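In the two complexes that follow, chain A is the common piece, with chain B as its partner first and chain C second.
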Partner chain A sequence: MGILLTIAWRNIWRHTRRTLLTVFTVALGLMLLLLSIGLGDGGHYQMIESSVRFGSGHVVIQAPGYQQSRGVAKYVDYGAQHRALAWLDSAGDRFGVQTVLRRVFGSGLAASAEDSAGVQMIGIQPALERSVSRFAEKLTAGKFPESDDAEEVVIGSGVARRLALKPGDKLVLTAQEVGGRELQSILVRVGGIMRTGIEEVDESTVLLPLVTAQRFLGTGEGVHQIAVLLRDSRLAEPLARLARERLPGLDVLTWAQALPELNDFIRIDDAGNYLFNTVFFVLIAFLVLNTLLMSVLERKREFALLDALGLTPERRFSMIMLEAGFVALLSAAAGAALGLLGHLYFAVHGLPIDWFYTGEISAAGVAFDPVIYSNLSEKRILGCIGLVFVLTLLLALVPARRAARPADACLLGRA
Partner chain B sequence: MPENEYVVKLESVSRVYHQGDQTVHALDHISLRIHHGEMVVVAGPSGSGKTTLLNIAGGLDRPTEGKVWLKEHELTTMNRRALAQLRLHAISFVFQAYNLIPVLSAEENAEFILLLRGVPAAARRAKVREVLNAVGLQGLEDRRPHQLSGGQQQRVAVARAIVAEPALVLADEPTANLDSASAAALLELMVRLNRELGTTFLFSTHDPRVMRRARRVIRMMDGRIESDENIPEDEQE
Partner chain C sequence: MSALWIALRLGWRNLWRNPRRSLITLAAIAAAYAFLIGMIGLMEGLKNQLLRNGTRLQLGDFQIHESTYLPDRNINDTIGADEGVDLQAVLARISTQPEVEGLSARVYGFGLLSTGSFSSGAQLLGVDPAAELFVTTLLRGLRPGSSLPAGGARGLILGQALAEEIHARPGAEVAVVTQSADGTLGNDLFHVVGILRTGLSYQDRSLAVTHRSDLQELLALAPGRVHEVAGRIRDPLRADRVCALLNGSGLLPPHTKAQSWGELSPQLRDYVKLSESTNGLMIFLVALFAAFGVLNTTMMAVFERTREIGMLGSLGMRPALILLTILLESLFLGLLGLAGGFGIGALIMSYLATHGWDLSRWVGEVSMLGTRMDPILKGAWSWGQVGWAAGGLIAATLLAAFLPARRVAWMQPVAALAAPTEG
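On to the complex of A and B.
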């Protein structure tokens, strides 16, 4: 094998420019693949983080059936909450639990002196939400409520505009309470106004302190959602799987199940990216195949010689595979180096996508961050490098088989 | 010479090529035996079938009809892999066009067959140095083919052919591309190797200088053997 390695290595440098061009092309492809996946995954990660921090969680625990029909009466009672919180407390370290939030949800009517509008109410724990969710950082006026029982609310900018409200103004919220036939109303004061960039949130959301909301909606100490925020979203699935076993009688959903629109959007976006990358790599593959094939076809006489000297078809096949292996190694190394440098740059400085549009863009109920930061897992990096390596070797099968074919002895006589 | 001491035996071998509508009988029912230690020249004009004969004797080409043996191995029944293995261990070639591996040095080219055979490094190096000295290439071991003259390249090819001490060396017009001095030196070298090591040589040529050094000359014409005669020692140069 030693002599084949020597010949293979020297063969690839017989046409230095051609080899470097091939290596550069494949490396460029790998670099673009790593950048494309890094920015794609980074964008998706930011969407997930943004979404779970705007009223959801990496894992959410709810009453059975709440996800399908969000009735106000389908809440998790105090006993079940206690059980869930105790288990999460014990499992927290293993799954990197950052915070556990409790929320209630309801829909109703908000009325000011000027007008009225349908709203979605979310009862939150202000102190905890302020530390981990994005509601507080999106305040454009006023302040976040201080306590769980304050009669002070944060409203979306669209609600404020339609009802002509500003911080300090009063509004009346009306909703149907749990089990009651009567409508309940509560007078609250606007504490703050937020602008998230997500139309659905800004046009209809009213955030109430948790206890105020529980009292108003009549859930007692019950909540509609226990939202778990994790340090690493990839642990959502294993945590949810274990939680389903340990918390019977409750629905445990990952963010992907709790936010199916977002999950679908990411899957479609991923599919588009994969399709684009596949087309791109097919083009590169033709170039590499052409180079490898040309390098074999122009050496027909050499293969006839090697055959005459006793190099078996298997060894001639191996020689071409080794040449391709060297090209693949050089390409993978160069591509990985370039791709990782690009990834590091975009992971630190980000890619400002607001160059391409003005205003705010949201999709699947999530506002795009104006800057996307690259996010690549080791698995992705190794997968891309492995893909390029294997693809190059697979392409080499065609010329390698050609080199192993019976040689034409007539070629040996020609000067 | 006993009947069973042949190195190569051809039995009624024919080789037919089809070129478009034309059928070319490159070899037409050839039978012959080459014995151990012989230095045989196959002579004849271009197109007489010399190269085809050598290719078939070396297992590089298959006859359309007839049988070929190298010692006890019947080449006509062997697959490509087995033929390559047999060539590696028993047959060497010297070509008109030198045919060295361009990315290897003179020493590496000469060493190639021993490497494929898995000869240990120390024995391999010693043998290669000895043969390169014998063919007069000392000091040129590290040069690549393009850094050598035609005569030097052909010497490397001869070194490669004899270093593994094969049963048979097939040389297809080895002096055709060489000047007179290089051709004479190369012939002298091969005659010496034949006499000292008993290496069996089968040449194809139409070079009278080569024919004058042979012990046996087979003359071919239109794919047939016209004559096959042993040259008395006093007539050899």
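On to the complex of A and C.
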């Protein structure tokens, strides 16, 4: 085996140019694969993080049926909230619970001196939201309310534009309260204006302090949603599974269930990337096979000589496989080095996608961040490198079997 | 002429001196081209679909507004402003443009919808259902058996999620409260005649459609006052030109402006542009890899023939002609590969164009760029880009032949004749 190793190593350097070209082709392919997966996963991770921080949380606890039809009367009452919060507190460490947010939702009409507009109202705990959610980061004017019962609101930039409002102005919110048949109105002051880049949010959202919203909508101590933010989104599924057992009478959803459209978008995007990567790699494999096969075909005379010298078919087969193994090792190493360098660059500096787009872009109700940071798990990296290595070896089976065929002794007579 | 003829014949014959090697390389070029045709087809199909859904669902190919209406959508900024216009005459004038296929005048408002104990804010849209059908598919999303009655009947069509939220079924009565154009609070009772499902969660949650004249009455707007005229033209990609034509024609009332879907939905236009540059990048990458693959073959084919080339040189063949011979050999290889690839690609595309790629196993309805993505993605030919792909691959093949050929063609014949057999 030792001598075969030496021969194989020397063989691949008999055609330095050709070997380097093959290694370079495979390495470039591996690099592109790592970059495309890194940027794809990174983009999806950012979409999930952004939408759980705007909307739902990694895990959402709601009253039964609230997800299907959002009636203002379907709230989680004080007792159930208390149970849920106590359980989350006890389980928090195991699942890396970062924050638990309580929210109230309602829809109504907002009117300024200028005009009126339909709005979606979200009752939030300002102090908590400011520390974890994206709303506070997106303020373009004014400030976030200070306390849970301030009569101060944050409005989307579209609402501000349509109603000609600026911080400090007053507006009247009108909505129907729980159980009542009468419309309720409340006079509030604009504290801040936010611009999220998501048209639906900017055009229609009004954020109210939680207690003010509860009073206005008549939910008492009740909230519509308990949103749990985690340090690691992968723990959402196990936490939700356990919560379903421990919190009977409440609906527990993961972000994927609470935001089915986003989940679908990510799956469709992944499917597209998979298709592209697979077909692209098959193509690269084909080109590499081409080279491997041809370099074996032109060495017929050499194999005839090796056959005459007593090298068995098995050993000729092994020799070609070892050559391919060296090529695969070199390619995987070079490709991994190039790919990881690229990944590190994009993980730190990011890829600014506003190079390609002039405005804001959104999909599945989530605005893309203007800069995408590459995100690669060890599993992905090892998977890609392994795939390329194994694929190259598999491809080498074709030429290696050809080399093992009995050689034509007549070839030895030729020049 | 005869020199070119010699080069052509030599190139063609050289190609078949090692048929297996040529066929393997040819297969690689064919695979690369077929891959590009399929991917370009899917991208083009997605682009067409997003463009179609983006314009046909509600936007229209172009819209005409009072120049101050967007983006604030102030209820008083109707077309023709306070003086008003003869709407029918304006519509008739615009319809004389040959490319315009349909026009729909629309009225917008915001209101609070209430069914007793449930209520929700909604975007009110007033249309003439007959005209709207020529412009968008908005009202085709209705559940079967329902349609918007004539003006005066106060029929209301609700987005599905909105209807569920306020517990309104067809036949239910809904009170609509809104601020009207004269600043007073308008309110009226409507009855639900249908449920609308666009597949866009935002629309389904907020849209309430009624007859234009009913909404004008609710908002205290005169019958000739509308906020928007949406139009459809034969080829959406010509919308910018049609708008420029309309804006310069004097057919529009003063202070109004026609805008194409690209101006109204910049992200959709960005996507259409981006899909072309993404395809360009893909063509470049595949051509690059194809060049590497073919380079290996041509290096082998050229260097092992060094002695033969030296022979040609000593017989008096000029280096340029030798180079031409090798390039022609590669060109033949590339053209044959493209022909094969086109055949395979056409097969793939005929499947993709009729059956499409069914994504519904993985996903439900997905919104993208403010419009809807259908669960079945169909392929569409983009001849321009398929042509670019062919050009890219031929360029890659020729480049791959040029690099080794250049070195050999200008060698001293004596040195070339003394070269070892293997290169």
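Methods note: the second predicted complex is superposed on the first by the 396 of 415 C-alpha atoms of A that agree within 3 Å, B and C clash if a C-alpha of one lies under 4 Å from a C-alpha of the other, contacts with A are read in each partner's own complex, and residues count from 1 in each chain.
Keep this in mind: contacts are C-beta pairs under 8 Å (C-beta built on N, C-alpha and C of every residue); 3 or more make two chains touch, one makes a residue touch a chain.
Computed from a predicted structure; not experimentally measured.
Enquirer: Which partner does A:313 contact after superposing on A: first (chain B), second (chain C), both, neither?
Expert: first
Enquirer: Among the partners chain B and chain C, which is in contact with a greater number of residues of chain A?
Expert: C
Enquirer: Check the residue A:409 against both partner chains and state whether it touches chain B (first), chain C (second), both, or neither.
Expert: Touch status of A:409: first partner only.
Enquirer: Is A:10 in contact with chain B, with chain C, with both, or with neither (first, second, both, neither)?
Expert: first
Enquirer: Contact-wise, after the overlay, does A:290 reach chain B, chain C, both or neither (first, second, both, neither)?
Expert: second
Enquirer: Which partner does A:248 reach: the first (chain B), the second (chain C), both, or neither?
Expert: In the superposed model, A:248 contacts neither chain B nor chain C.
Enquirer: Between chain B and chain C, whom does A:69 touch in the aligned arrangement: first, second, both, or neither?
Expert: In the superposition, A:69 contacts chain C only.
Enquirer: Return the residues of chain A at which the contacts from chain B and from chain C coincide.
Expert: Overlap of chain B and chain C footprints on chain A: residues 415.
Enquirer: Along chain A, where are the residues that touch chain C in the complex?
Expert: It is residues 17-18, 21-22, 24-25, 28-29, 32, 68-73, 107-109, 111, 115-120, 158, 161-162, 174-176, 179-181, 183, 199-200, 204, 260-261, 264-265, 267-268, 271, 276, 279-280, 283-284, 286-288, 290-291, 293-295, 297-298, 356-365, 415 of chain A that touch chain C.
Enquirer: Using the touch definition up top, name the residues of chain C that touch chain A in the complex.
Expert: Residue list for chain C touching chain A: 20-21, 24-25, 27-28, 31-32, 35, 38-39, 71-75, 110-112, 114, 116-123, 164-165, 167, 177-179, 201-202, 206, 266-267, 270-271, 274, 277, 285-286, 288-290, 292-293, 295-297, 299-300, 304, 359, 362-370, 373, 421-422.
Enquirer: Show me the residue ranges of chain A that touch chain B in the complex, using the header's touch definition.
Expert: Its residues touching chain B are 2-3, 6-7, 10-11, 14, 301-302, 305-315, 406-407, 409-410, 412-415.
Enquirer: What residues on chain B touch chain A, complex-wise?
Expert: These residues of chain B touch chain A: 51, 55, 58, 60-61, 80-81, 84-89, 91, 93, 95-97, 99, 101-104, 108, 112-113, 115-116, 160, 172-173, 177.
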